[in-house]
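Here's the structure, in structure tokens; my notes come after.
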């Protein structure tokens, strides 16, 4: 499907016209079908639209349903009520295009017996076998080399994951999501387990990649400064059951650099976000 | 909300719920047995439930006496295995030179198919004689009028059967004691150094407790292994225990009796296992089992 | 230090557990060798100095003597025992991996059968030996030796099945999510992840499985008396020939440790991303 025509040709309601990702009155209740456990309402009535090219962060206390939200967009989880659409197509429907969505996991999921390069090509292998993406393998091999240099992993192509540091493993996971060039990147606290230095570095790199590749990013974090630094918009979820309680536009200038964190506006926005949090 | 008074009730309900798969599997087993027996319809190939029951009834006093003998041996073997396993494990784990020197022997002893050692154990006690710790009158004398106290007399003894059972059951405990003791996290190691703990204090306060979960899980394996050891030894040490009864049933083509004895061993093994697990749970801190 | 380095140095990553080894490889080999030699010397010294009767308490030299004398019978008997153990082992291995794959792919079936599998695995399966012999003998009296094959399968199958099940199910949530995310099929799950993640477990099962297959065969021979190492060993009881008993143990023990060591070698070659151990993760 051609991306440009989506909005104009089949726009029936105003909200989905420009939005690439949209959550429509989404509820998620865990353990409803199994009698043994108690059911847990993780998310309640979530409405969220994300435009093409936008960088949106979701923040909220731990256990409020952030990962749940993301996993529904990734097609890993089914919503209990409401729909999640990407490009106007319900994620759970058969027409859903897996090649449109990439997911960067909280922890590296590199397989220990594959080299960096082979780990990077794993999604391609699976998606190609299932006819979800086209193009020959050589094309993706070249792309893999490009990505390896994009995230600064040159020289480590043939290394195995347990020979890499945590930060480097997370870079591999990032390239895994980029290899088949999805237009949507879903990121679940991707830098949560890294030290502050590495995190700052990868933040800058992510912005650079985002800028170069024009992805739409839904980013989850519990680090408020990180959310402000990266995003166009920050969405605040309440404690469980997660509901959207606030949205803050981040009007910081782009491109952003390490210096952005020192600007008055940055401090203002970060403080404002903290206030929102206190009110929860 | 659970109040203090209905909490045990909820616990009991939870316990019952957990037993459902086992009970179901048991029921399914009985049904399958009945169906297969009906289909084959030949007690010489596959004993029916009623044929098995009559086979057991016919030999009930024998079974009772031999079963007491076997499970007494199993308990002796089990206790020996656990005590020796933990004791030797502690020593070997603590002294790395011994550990390294013992390694080839340990690997050999682990890899050798243990039944091949049974004749050795049995011969030694034929030569040296059993070491009887004490004897008691088994329950068979009280259960059956026809059984005299002398017939039901059971010995708690160190003999070929019990030492072999102990040998078979010894290994998991021994190995897991060493493994567990050596997997103490470094921070505790540092903590101990900081406090100036002696080697024995390290063992007493840290290493042993670190090894406890490993040990309890290996003790569960030892339950089965000491039973296996005792039965295998009984197979070849003629005329002793329930193991020999199965061989006898086979030699006399008494299939109902054979089915019955095997089933009783299985049930006995299951009960013994449950008792040991329960005892471990009571004796050790929460989370160790 | 990366895992690779520690592998080539032969030292262990801290906190690894198992029988840990901190000295250099050479010292370790030397110590192990010294242990064996010390044991033999001590044994010989005790036997000689105390003047023990070699029929009851043979010295290592007496054992070697006994070994030499039983060697011809032993080499006649070995092929029978090994054939039953190896064939039974291979059947059990293939069967266990195949069954585990089917069960892991069908979670319902797995849940339904799990109590049964655990149950059979926790009872002393060896107690069924006479029954197995009886049944095989019922089919054909001249083929009683086949009971030893069946025993090898019967004893080795369930632990290997459980090892394979544990292995194939050993997949963390993150990897599971990744597979769901890319829409991997069941077969792709096995091909790309489960078969590899399961390998360490399967190898642990293979090591103990071989010993178990030998155990099944030997006990089968004990009871049925068919020609083989097992029946040779049990006949030693009547003759009170302890030297021969020890000789038989040594031969079978060396074969068995050799096979276990071989499996371990293959394992450590194949599974380069983590450490393997001879005695498995117990």
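When the chains are written out, they are named A, B and C in that same order, and each has its own residue count from 1.
By definition in this document, contacts are C-beta pairs under 8 Å (C-beta built on N, C-alpha and C of every residue); 3 or more make two chains touch, one makes a residue touch a chain.
Everything numeric in this text was worked out from a predicted model, so none of it was measured.
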* Would you mind checking the shortest number of contact hops between chain B and chain C? => 1
* Based on C-beta pairs in contact, work out which chain pair has the most and send it over. => B-C
* **Identifier of the chain whose CA centre is least distant from the whole-structure CA centre** => C
* Structure fact -> Looking at Cα centroids only, farthest away from chain B lies chain A
* Compute the distance, rounded to whole Å, between the mean C-alpha positions of chain B and chain C. => 20
* **Interchain centroid distance [CA atoms averaged], chain A/chain C, Å** => 48
* **Chain centre separation in whole Å, for chain B relative to chain A (CA means)** => 54
* Could you check chain C for residues that touch two or more other chains and list them? => none
* To do: Flag every residue of chain C that touches chain B in the complex, lowest number first.
  => 14-23, 27-28, 31-36, 38-39, 56, 114-116, 119, 122-124, 126-131, 133-135, 138, 211, 214-215, 217-219, 222-223, 229-230, 233-234, 236-237, 240-242, 245-246, 248-249, 252-254, 256-257, 259-261, 278-279, 282
* Which residues, counting only chain C, touch chain A once they are in their complex? -> 2-4, 174-175, 177-185, 188, 192-193, 196, 271-274
* Contact set on chain A toward chain C in their complex -> 71, 74-76, 98, 101, 103, 105-107, 109, 111-113, 122-123, 125-127, 129-130, 132, 160-163
* Asked: Which residues of chain B touch chain C in the complex?
  -> 21-22, 24-25, 28-29, 44-45, 96-97, 99-120, 122-124, 126-127, 172, 175-176, 178-180, 182-183, 185-186, 218, 224, 227-228, 231-232, 235-237, 243, 246-247, 249-250, 253, 255, 258-259, 262, 265-266, 269-270, 273
